[in-house]
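Chain naming follows the written order as A, B and C, and within any one chain the residues start at number 1.
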Amino acid sequence: MKLLLLALALAIPGIARAITVDDMLDHVDKNLTYDSRESSVRMTVVKSGTTKSYLMHSFGRGAEEMAMEYLEPARDKGTKMLKKNDELWMWLPSVEKTQKISGHMLRQGMMGSDMSYEDLMEQSTWRDAYTGTVVGEETLDGRKVWKVDLKAKDTTVSYPRRLIWVDQASYIPLKQELYALSGMLLKTWTMSDIRTVGDRQFAYKMVVEDKVQKNSRTEITFESVAFAVPLEEEVFSTRWLER
Amino acid sequence: MELILSMAVRNLGRNRRRTLLTALTVAIGVALLTIAMSFVGGVFWAALEKVSAMAGEVRVVTPRYAQRDQLMPLSENIPETAALEAAIRASDGVTAVYPHIAIGVTGAVGDDEIGERFGLLHGAPTEFYTERLDLDAHLQEGTMPSFGGEDWASVGARPKFPVYALVGRQFAEEVGAKAGTEVILTGQRQDGSPSGMRVLVAGVVDLGNSAQNRQLWVSLDAARWMTEIPAGATELMVFGEDWESAPELAASLRDEAALSGLDVRAWSERPPYDGLVGFAQVLHAIAGGVIVFITALGVLNTMFMSVLERTAEIGVMRAMGLRAWQSVVLFVVEAMAIATVGGAVGVLVGAPVSLYLGHQGIDFGAAVDKLPPTIPINTIVRPVLDWNVALMGVVLGYAMALVGGFLPAWRASQIQPVEAMRSRR
Amino acid sequence: MPFLLVLAARNLTRNVKRTLITAAAVVAGVAIMILGWGLVDGLDENFLRAARTTYAGEVLLRPEGYPDDGVRFPLDDSRQVSDQLKAALDAEGAWTTRAAFPVRVVHGENADRAVTWAYEHDRETTVFSRAGWKLDGRWPEPGKNELVAGWAFGRLLGVKPGDEVIVEGRTRDGAHNALLFTVVGLARSDNAGLDNSGIWMEMSTAESLALLDGNRTHVALVPRDGGARAEALATALSREGWAAMSLAAECEDMIAINEIRRRALGMVVVMIMAIAATGIANTVIMAAFERVREIGTLIALGMPRAQVRALFLLEGAIMGLLAGVVGAVAGGALVSYWQANGFSVGEEVMSASGNMAVSQYVYTQFGWGSVFLSLCFGVGVALLASLWPAHNASQIIPADAVRAD
């Protein structure tokens, strides 16, 4: 039944609102979460005039495990990180040794970027965390989007309000505005270059912009991504770091 | 005149006890002054001198670095220092320039977790370590490594040659390292990305308190490689003829065209040291003043007494034809003779004691470890003998003897001889 | 005995000049000793006062388990102050609460981490009078988004009064929040740690920023009767999830540092008294010798030798006592004055202290104990110095005496 409604929604703009927001969020969540994933991504950090660019290759399993290797720049090539539940391990080619990072160093941003591990790892689904209201339809980058106002269901959610522009075709939030409790805009997160990967839609480009501190943003471009990848157990182990 | 001199000498011999007592007072006063001032000098002045050596008599950094000084931001470095070094070296009054990089690192031995033990890593030319920080003199174990000579330019991901480091005692103990141990240091590059380096501990150094001993020193090249600042530094440390005139040197360097746009300041012009000089000077002055005052009082007292009680004697001499001024001179000469002997003895006692204390040191105990690392006061304080102080003490002895002898003698000489003889005082 | 006293007193006044000169050494010595101890005790008090007037009061309560390293300020651990606890606090004296939490302060392109100290507008000054603080600007008005920054933090971020900044933080539950603030003042307290990384805002503003819901991280109490019962109070007030500490226990570490100064001062004082002692001894000896004739006469007239000795000792004692009293009064007066007003050691000495709470003003501490001790010392030195000459004087053979000098 839902599928029929969906089909109708795609065909007839006026009926778009017939989709429940929960369903919409379900779709969005489905695109954004994964059981396993392998990807190659380029991250560019811009902060007060300086720009640094990194190329990383990573494996991820759910929210708990992630193994990442830096491929570029040359200086960082070979640096590997392993996150397993709450533990973080690092391998630096200049040292050639697996080192466990003690608890209190974990708070820092990755490579000096705007994204803390927390931001990346936040995996509670939007559907569970937010109540949404569709407030309109717009066109963004030539695509039709729903503008949805998400309000956090409880006070523990990181971003009390998100304004999201969901692409009607792919259910990817092309743009998000992340708000503080006070209503101040903290960050914007845009996604673009949407492609089909397996049974989902995925945005190959993301830009996170700090709206509080001027001239501070991070760009992420996926060079390749695959889901439901069979992952060897070994990938999430210190042995992988040493290879 | 010879008559007076010989009379003076004879008088001194006549009442040995009195002479000795007076001389003793002078001696004790001078000795204690020497020791006490060596003490004050040892604590503060030596500390300040060390501060200027450690922090650079004059420091050149970028303005943003200066503004965020306490964070030691690697990204605000001077990218190319070679030309600046040359320009500074050519300046008047400059005896040495050293590029310097300081970064916080965490260290681990073997499989230990990183992020538990922290230290401050320094990279600078070897001369800075040997001539300014005196690291080789503070070696507790191991040897001074021969930094330099390695081919850093062709190092890829990891140096194939051993990277030597000198390590402060506290850091060594905390990570469990000694001479010969390999320690893995993790720090940052100037862009914030993590950077690691294996170092081989060549020697362990003891700088006197645990905050100072949480430092490590490697070659400038090693630090540059680790932080990815290949030709630059976070600071340029400039040294001149003497540390006390650093402000003048800083002022003249500020006029150099090559340094325009950079922050150039003497150590005493930068926090947290800018208040210390004044503080130390005040303390020095107070301590010195107090000691001098008490000593002077004692000597003066003695001299007054000894002359006062000989008023009768003065009367007799005058009656016998000695002129008024001659009697005064007589007493003054006596007083000076006593001051000479007393002063000499005082220095002979005070100096060796100061030196001994300086050698042994006075243990201030663990409390000193809690001071911040910017104040290098050692756990064991060594008084520094200042020959100037000893000299001052001797001069003081003379001055007091002069005043103490002159005044009452002059007054006594004004009284009619008969009255003086009768006074019995 | 009274006869001896009278004799001694008269002897002292006979040569006023001599007495005065000798006494001067004792006066100076005693006064300096009192000043020295006053200074050292004052330095202890310095630390204590800085902590007392900036964050601890006499009794400081923090939630059980709250880290006291001065580095972490987790809002998760904050608690409410129950009505019973409030009543218990009310019964003892003036108290106030604070909430501390980490934030990011952004000014244009620059951002730096800081610790927010939220205070209760109406209670704060009953406990923390801010008397010794210097403020460039003014304190925030309740209800407005205004803050005061520690002067060193302001310098780091490059802000001055009138500038606008955004303060970003997390609510107690973990949600992001941010508000636009106007910096209305830069404060210099006695606490370098607060000046370096702290910002001050009113509790109501902090409530809206961090959704505190009445939870707090610090409670400071200043009992009506001062800090005398602080330890006992700390034990009594550690309840309902709060752990209380007396000011002294909180400052233990800092006070340990004073050990250095005590030892240093001790050495200097000993040296000074040694010098004073020689001066005194000298004079008494001289006096004895000069009065040889007189002594001989006394003995010839039948005064027991023991009494002669006693006479000299008495003279020494009286002089020591009188001079000591004068010195004690002088020293005591100076110490008291500086206790009330303090003398400034200069602002930058404070920044040398990093994160320690060190006051710019050194206050001496008046202690009857040190006055008494110094007095005894003065008398003791005078007595000791008189011992040998007194003994000597008593051994004089009258015939020789009359013949002498």
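Heads up, the rule we're going with is that a residue touches a chain if its C-beta (ideal position, glycine included) is under 8 Å from a C-beta of that chain, and two chains touch if they have at least 3 such contacts.
Not measured: the values here are computed from a predicted model.
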Fill in the blank from the handout: Sorted by contact pairs, first entry is B-C
Exercise for the section: With chain centres defined as mean CA positions, report which chain is farthest from subunit B. Expected result: A
Problem - Distance from subunit C to subunit A - Cα centre to Cα centre, in angstrom - result: 57
Handout entry: Chain centre separation (subunit A, subunit B; CA means) in Å
Key = 59
Problem - Between subunit C and subunit B, distance of the C-alpha-averaged centres to the nearest whole Å - result: 28
Fill in the blank from the handout: Among subunit C residues, those touching two or more other chains are none
Problem - Multi-partner residues of subunit B (each touching 2 or more other chains) - result: none
Practice task
Name, in rising order, each residue of subunit B that touches subunit A in their complex.
Solution key: 75, 106, 108, 113-116, 157-158, 184, 186, 189, 191-198, 226, 228
Practice task
Sort out for me which residues of subunit C touch subunit A in the complex.
Solution key: 106, 108-111, 166, 168, 171, 173-180, 208-209, 211
Handout entry: Footprint of subunit C on subunit A - complex, ascending
Key = 48, 152, 154-160, 178, 180-182, 184, 186, 212-216
Fill in the blank from the handout: Seen from subunit B, its contact residues with subunit C in the complex are 17-18, 21-22, 24-25, 28-29, 32, 35-36, 39-40, 43, 67-68, 70-71, 271-276, 278-279, 287, 290-291, 293-295, 297-298, 300-302, 304-306, 308-309, 362, 364-368, 370-372, 374-375, 377, 381, 424-425
Exercise for the section: Name, in rising order, each residue of subunit C that touches subunit B in their complex. Expected result: 15, 17-18, 21-22, 24-25, 28-29, 32, 155-156, 158, 196, 253-254, 256-260, 263-264, 267-268, 271-272, 274-276, 278-279, 282-283, 285-287, 289-290, 293, 345-356
